[in-house]
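Got some structures for you, see below.
Each of the two complexes below includes subunit A, the first together with subunit B, the second together with subunit C.
Let's look at the complex of A and B:
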């Protein structure tokens, strides 16, 4: 009895290992073969190998999977067009810096030529140091911490940096006179949230906006916000700034309503996705304002096409991370074309060419028009002010 | 007024910890093992109830019952496959296995139901009882949670002290070998313990998700750890202790957030735990058991 059980368990284990291999294999194999035009799969010597790490499992998996899916759609489209061919490979980093470096090393063994960095900021800080040392060009879809690009000439960002988001939000609130007394609730153990908070308060001081309450929470205490909301309410805040992701934000809206507190809310790009939250009562988010680079409800051809393909392939409305992943691949394609790179070049040669080219290109994508990059790696694009009305995003400008 | 409203917030958070801690303490008290997968069974229970109520439009009562039944099956299966073969192994091996099961459940949930958060439909209604012209309000879910806690606590105490099965459980917890010699089936008794613990997990899952409705594969893990802390705080193995520990932990957490610092609240909670354990190593209501050689 005991023996059969142990044999069964070990078989199960073996099955798990094999299944794991399968998964990893299919994601890379489907890239060249996935072209709908029915062309023969491109051999790897004629395709650029691009790879990235992101949380594909664990609590932050929603972001990693979205970026991977978005990039995958772009790769399939580009491969179907002919011309430049890509092979895409994502490795799981579980939103952990140490695992991200291991995942990145796996990509290097695979022969990655251009990196998509890491999806989330904490791992990205670790992997960007590696890509800098290895001279592999990296464009991260969504790691927005300033430390990701700081001092590294070959690391670029597709998303706004946190300082930019913070000061843009303050400017927006000030210009539109959205609130007089501001409360901020931010996530203390997240560089993203903390980074935005820091620049938000610095800019608010400069402009003379009054911050009446600043409270925090952490990964471990992101369920109960009664204290933070009570403090904001008692201090008479009429606008609550939420530089956080939408999951805790949905709880904040619900708990504020339960205590009859109805301030205005202002969010950043992490708030994007709240309307796609399954089962969420969208009336709770009525009149919530946010600055975001991507809007899945926009009616331009590019967005409509992307959202349609994404829904067909993955059965979900894409969020901003998916759009960032998609844009990354197209931006790399544009830069490769402009620099005249070929897939047989070494990663270091491609890196030198792209470093010289990236600051010169102007990119139009899902997350912004006329996007440019500074030689430091920071992106310059204008955030769109959105407000939620009747369960849909509406442009504010 | 702020004090009272913080107190009520603490009570509602604490009641959630308490109801999870009851399951922890029950399994620990009998099987003498820390079932770290408890928090994840809670998560599975929430998902089952979510699918029953939101997707299949079943009445909430049916959803809760379904969650209880499936969680019981899950708990017994886990016990049978993962813990039973380790019955005579050192407790450290069992502990590591429990952590493994916890990760397995989280990742299986992510594979099955994706990591996208879902909003749990409140099965008890989201109304609240208001006092002092609405300046103070207690939500219905808090009242229901505390009431459920008391009922479960009384029922468990009665069950373990009065019924045949309960007596067998206590016998197993004191001395497995002697219990076996007295004709008690230790394996069967421990399986029943896990069945009850898992059914309690399902109830705790439904209440946890009704109070804090964002449902993710990791939903159970942090409340699970906090509940484990409450169980230790109140004296692990003691059923009233789990409830007391849970509620106190919730209140301390909210007060330290409100009056000291939102940044330091967790540090303060755990500092209090350390102080309590220094003064009373068995927890608030824990009994000192001397090992006879």
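Let's look at the complex of A and C:
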């Protein structure tokens, strides 16, 4: 039995060391503002700690990185202005709910005071439940599923919810008479795509638009679209609605061209970013229409300034996710000023003040003017129709 | 007698290690000196430990390669959560409701195990691997098309349509919304529940291995023809191990789903099955303690590597390869045995127990 005992004792020792390590790591990391472990350490720093999770690696990385970059630019601008100071930290969640919760916990160890939620929907549903339980205020840049804000008083969205995007797209197509026979290709194992599709079809029925073909694909079958395109073609669809992300969309354009099928395409905000896709022939996306709240070609000072700074720093034209990230930080700043919060307040105190303040502010940013929030967390702003011409996004109105 | 003593001792080491780890972690948590990062990972670690131990039963003990273990987890996760929500009004105590849900999840996964086992366990080797692989994908696709809701009339189920087709009455609630899975789950899983599940799993698996049936199962693994020639019914014993393994995975699935506010079928894909397979292979086939340690370490590792930012998964892969090489390297193994031999020898001179060969 001595052997057993010695093994167990040595394991115990190892565990002690491990726990000690963690302890030391967390106490030094969470000293400013960390409220974990029962004793809220007195936050001493002069800057608000804001943190978010997003896919910085993997298939959805372009969204996470864009939102992070956008938020970073806003933080630098605000810090240069003096007044309220921010410290920003993004953690990678690989577009996975489990990893997102891990990443969020990492941010909590760092001492996050205000959360930027998660960039994509499925992880955001998981992290928003955590922020709700921990009473940390969250404003997600781009997680558009309705379940993100449902039943959580301290979670807000900067982007439209999926149902809004779907019905807004139908309305837009109907108003502008963009197509008579519509085909929809959507990804039926994706919360985002399915959510838009459901409201799109409901609204189309209401308005009397004819949907001639609705076909699906999944994560595992997003390389070959010949079946879906053939069906759309055979049913004589003149407009293809693509409530999907841009990577599969780029393949759809390619394969449609290969089969001599040239319908009009209409996308939503997931289509944004297609021009930045590596190795993509942008001529394929010519005349593609999309509904997005941000237009990088707008001529107002705010947009021009942002696009210039973004290009200088990261060498590409910012997409809507970058603009959402940028707006999030400014909206938080405005609300913090209105609520009179100071960086030495605990996350829970800031949360209570922001929950009371957010529905009362009116925000002007890159993704819309006179943006307001309902107390449920949903945003109210108007989408912009865009069309791709000569390899650039151009406003349609 | 000596053999039984040795076996008892190795079992005690496993139980002891789990209990001691639990007690220490509880103490550390009680004193508030644990990082949120580690605390948040405790339940997933429990889940993966149970998954690894149960898969080890199929792969290490039964000797059949299963590539669809996440499929059983998925069945357990979805049925468990549906049961948990449906029982909300009946059982008010969270822990009890969760235990019942886990049982239901385990039962449904076991049923899936039986269904898949009847045709498949007559096959062996590569065929089984491919069929289980397909099973995992089929489960994923079925749940993607499944809509379940609840209202005062009870559970409503619809297939291949949309949530609207459920025709829920006033006050009804959609539980499984096709590809969107379940969202708005109330978090019920606790570390203590996870710990209890690990103990139950160990109890079941270790007792099965060292029982008469367990010996029959291992005999089948080592030489099927010889085993059958002495009258061991192959299908029966294979089924026993396979279904037990599936049921435990189902319970782990329920634990997993009730730890997050959302669960989608896409999570339980081929990659998750492979991840668990990696735990088992790294821990050693048939080595229960190895599975526990490998699952724990490999779950924590990616989080520990966060400081490497974008290179995290690359470092993770490199570490994985190094560990695989090291544990299969004869020199390294020799070194380990030497150290072990020295420790044992020292113990042997002090204690009554005989030391190993000098």
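We adopt the following convention: the second predicted complex is superposed on the first by the 351 of 397 C-alpha atoms of A that agree within 3 Å, B and C clash if a C-alpha of one lies under 4 Å from a C-alpha of the other, contacts with A are read in each partner's own complex, and residues count from 1 in each chain.
Keep this in mind: a residue touches a chain if its C-beta (ideal position, glycine included) is under 8 Å from a C-beta of that chain, and two chains touch if they have at least 3 such contacts.
It should be emphasised that the depicted structure is a prediction, and the values quoted were computed from it without experimental measurement.
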First (subunit B), second (subunit C), both or neither touched by A:218: both
Contacts of A:108 with subunit B and subunit C, given as first, second, both or neither: second
First (subunit B), second (subunit C), both or neither touched by A:364: neither
Touched partner set for A:311, first subunit B, second subunit C, both or neither: neither
Touching partner for A:188 - first (subunit B), second (subunit C), both, neither: both
First (subunit B), second (subunit C), both or neither touched by A:122: second
More subunit A residues in contact - subunit B or subunit C: C
Partner chain in contact with A:380 - subunit B first, subunit C second, else both or neither: neither
Touched partner set for A:57, first subunit B, second subunit C, both or neither: both
Where subunit A meets both subunit C and subunit B, residue numbers: 2, 6, 57, 188, 218-220
Residues on subunit A engaged by subunit B in the complex (per definition of touch): 2, 5-6, 9, 57-62, 65, 188, 215-221, 223-224, 226-228, 230-231, 234, 247-248, 250-251, 254, 258-260, 277-281, 316
Subunit A partner contacts - residues on subunit C that touch it in the complex: 9, 12-13, 16-17, 20-21, 24-25, 28, 32-41, 44, 137, 141, 144, 162-163, 178-181, 183-184, 187, 260-267, 269, 302-303, 306, 309-310, 312-313, 343-344, 347, 350-351, 353
Residues on subunit A engaged by subunit C in the complex (per definition of touch): 1-4, 6-8, 11-12, 15-16, 19, 22-23, 25-27, 29-30, 36-39, 56-57, 91-92, 96-99, 101-106, 108-109, 122, 125-126, 128-130, 133, 145, 147, 150-151, 188-191, 194-195, 198, 218-220
In the complex with subunit A, residue positions of subunit B that touch it: 2, 5-6, 9, 12-13, 50, 54, 81, 85, 107, 110, 114-121, 126, 128, 134, 137, 139, 212-214, 216-218, 222-223, 253-254, 257-258, 262-263, 265-266
